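Have a look at the structure below, then the notes.
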Amino acid sequence: MKKILISFLSLILFTGCDSDGHIQKRNYLRSLSVDGDNITMVFFNDDTLNFNSDISSAKYIAEKLTGNEIFTGHTELIILGDCDKKNILTFMIEKWKVSPDCIIIFGNENILSEKNTDDITGMIKIKEKNHEIPKADIISTLSRILN
Amino acid sequence: MNKLTKFRFASVILISDIFVLFCLKGNISAITAGGFLSGILIQAIISVPFALWIKKGKSIENCGNFVKIIFMIYFLLWATAIFSMFWDTSEVIYIPSQNSGIFGKISVLSAIGLVCAYMTSAGMKTLLRSSVIVAGMGAVCILIVMTSALLKSDFENIKIIRSEKFPNEFARGLILSGNLGSFAVLLGNAKGNAVTNSLIYFSAKIIITFIILMTAVLLSGGIMEITDFPVVMSAQLSQPFPSQRIDSLFLMIFSIFGVFSIALQTCLARYLFKSLKRGS
Amino acid sequence: MHNYNVPIIKNLSENIKKIKEISGGSSDVLINEFVTGSIKCALLCCEGMVSTALMCELVFEPIVNIPAKKDSHELFNHIEKYMLMSSDRPKADNYETLFRLLNSGFAVLIADNINYALAFGIQGYASRSIQESSGESNIMGSHEGFVEIIRTNMSLVRRRLKTPELVMEIFQKGEKSSTDLCLCYMKDRVPKKLISDIKNSLGKIKLESVLSTGYIKPFVERNKFELFNSAGTTERPDVFCSKLIEGRVGIFIDGVPFAITVPKLFCESFQTLDDYAFKPYYSTFIRWIKYMAFLTAILLPAVYSAIVTYHPELLNSTMLMLLVEAEKNAPLSITTETVFVLLMYEIIREAGLRFPKTVGGAVSIVSGLIIGDAAVKSGFVSTPLLTVSALAVMSGFVIPELNQQITLLRFAFLISGAVFGLFGISLLGCAVLTNICATENYGFPFTAPVSPFSGSGMGDTAVRSDIKKMQDRNFTVEEYHE
């Protein structure tokens, strides 16, 4: 019994020491633009990635291109151009688990090349506060689309 | 088993009831809340004659071996059902290793099994003591999650009703009332007036069910179409402050309540088994 | 095994021969033969155990001036009735008792043609004076701590509880050591069943020696595996007295400056006597600091590791980027770094305890330089991780009594968090909670007054009620018995 316990504990120790615990070996997605098949990703370290793909395999392709795992839970901005907005937003919530405060804009990828994420999100929040636009977070936006 | 206080009696079963609500699958709306609450009210009314029977000094343990065996099998089946709900819902909540192939799944299963087995082996007395502490902690955590969820809620979502119909939701509520078995066995071991204990339990259940369901409707009512687990979704959308999520707090309550609920059923089965052995 | 429970030999020469045989010719057993009252006698003592001055003044001087007696019985009768000589005057009718008294610092008088010995309590062995307790310091209360001499400890308690209800029963345990143990309780407060149960438990002790509380505690705790001790220890007489007043039982062990108290509750680990010297609001604040410190000490490294590895969405983006930047050069995973840092802290702490005091300063310098400076600058460990680990370790020092459990649980939670994230921490938390709730001693649940819940008990657990409100409570632990 003691041997089994010791082996089990050793196994756990080994598991704990593997490479999964390296947070610096991930890319953290900050903003995303989807315009047809054109995907643009901007990360927190200011790297930008452009490629063609459908949304379901976008993360996999991006991980292949960068060589690092991509974490999407802190996505702050999503720009949707010519695409199925309902399916993409559903996919973002269910699979990518983006932050509920993630801002959704309908536009094209040029917005990301003209302004940085901070400026865009700041502008949207000011407009929301002044009731110039309805709530732009992903939940409210998807709610409006579904209903 | 020592006599339970009213608080312990209610808290030990409510923990399991809340867990069942966490695992609620499918669309919900204000009609669902209405159906569930009506179901609980009917159960409360039906429980009164049972409580009066308990008040006369009777109990499930005194009903003969056949009844004990039926209840034992019932508890084991309901434990399996709760485990199945746990496993289904954990697909949506992120449990590390669960998606790491067969080894990952086995390790998660083993961990749950080990903890449940240990809790069962510690006995009913220990489980009842820990229920007070778990209920207290759980209440605080749920309050935090629900309050943050409410900050993001939309009261227009109450009006959204899809395909839910009152009789279907009423029946759905009854199907999820598997903890009535625990209620029946534990009521005989609770101190004080059985009718009062029963009414306190059902009142608390009504209030908690209302709070959880309505919070889920208010928060995720707008996106209910794409939501498989509305209560889980509403916890995942909780964000009390900008860029600060607390859905992982929900993961902790979910895990603790889940393990506790399974252990309660197995503990009760073990308790009845020991009672059978003593009788023979 | 030798049995010394044989009656004392009447003939003096044979008696002395027997004593020398039993003692194996030990050089510290002194035998002074003399004649008094026309009877041949011998005075035995252990060198270094008796006070030479007292022996001369209280024993030698009066005893050599006894007028002639008919026989030894008359001599001993005269000594017992007409000469006081010391306040503690037991008799020994067998060699086991004789040697126990001799080795306890008594002077033993034997005479020719009599089958028992008289002993005089004139102990004068060197002992440590009463000092402040090393492990349980306080600000506003007494600065006295228990010492190694059991009778001194008994006097410290007796001074504080001047009531005849305080009972102290001395008995011996340990076949070789014959260590004095003292059972203390307030006979009007203690549950009767508790006393009889504890006496039964102590009756099962068959040890050869009793040298620390660790020898006795397993006998007064349950046999099941319990993470936390259900029997407490204290080095302070004021704390000990407060436990006795609450109806608990205390056990002193000769040679050990710690007393055992039974039963113990979990919440007591967070209470100090200083709490009752400060204002209630401040004491309540400090209590909650301790509860949070306990949870921080156990959970912080595990939660940090789990969140950073598996649940980074729980951190806000600014903090996350800070951590990513800090971990850029770290070669190891977060969990491995944390295990390494915590192990280093344990090594340094243990070294600090065991090192001779003259080189103790070097430990601080080396540990500060190596851990605090070199490891961080080299990128081997990151600063946020070091901060988290240091915070956890410092939080553990707030409750030194629970140091063993905190250290091991910290590692256990870290491993479970590393494997299963917050889910693993929750599962292990359930298991630990179950173990704590299963802990009980003689029917007193360890988790009282939280579970079973007692509203009045929360007045000294969740908060520190005013002394005036507590004075009418007449609290004893019997309230929590299940």
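Chains: A, B and C, in written order; residue numbering restarts at 1 for each.
FYI, contacts are C-beta pairs under 8 Å (C-beta built on N, C-alpha and C of every residue); 3 or more make two chains touch, one makes a residue touch a chain.
Just so it is clear, the model here is predicted, and its values are computed rather than measured.
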Fill in the blank from the handout: Comparing B-C with A-C, the busier interface by C-beta pairs is B-C
Practice task
Find the chain most remote from chain A, comparing centres computed as mean CA coordinates.
Solution key: C
Fill in the blank from the handout: Chain-centre distance (mean CA atoms) for chain A and chain B, in whole Å, is 34
Handout entry: Separation of chain A from chain C, taking each centre as the mean of its C-alpha atoms, in whole Å
Key = 57
Fill in the blank from the handout: Here the gap between chain B and chain C, centre to centre from mean Cα coordinates and rounded to Å, is 44
Problem - Touching two or more other chains - residue numbers and ranges from chain C - result: 309, 313, 317, 419
Completion exercise
Flagged in chain A as touching 2+ other chains are 73-74, 97, 99
Completion exercise
Flagged in chain B as touching 2+ other chains are 94, 243, 245
Handout entry: Complex interface listing, chain A residues touching chain B
Key = 73-74, 90, 93-94, 97, 99-101, 139-140, 142-144, 146-147
Handout entry: Residue ranges of chain B touching chain A (in the complex, touch as defined)
Key = 94, 152, 154, 157, 160, 219-220, 222-223, 225-226, 236-239, 242-243, 245
Completion exercise
Counting only contacts in the complex, chain C reaches chain B at residues 307, 309-311, 313-314, 316-318, 419-431, 433-435, 437-438, 445, 447, 450-453, 482
Practice task
Could you please specify the touching residues of chain B with respect to chain C in the complex?
Solution key: 2, 5, 7-8, 94-97, 107-108, 111-112, 115, 118-119, 122-123, 125-127, 129-134, 243-248, 251-252, 255-256, 259-260
Completion exercise
So, in the complex, the side of chain A touching chain C is made of residues 9, 12-13, 15-24, 26, 28, 30, 44, 71, 73-74, 76, 97, 99
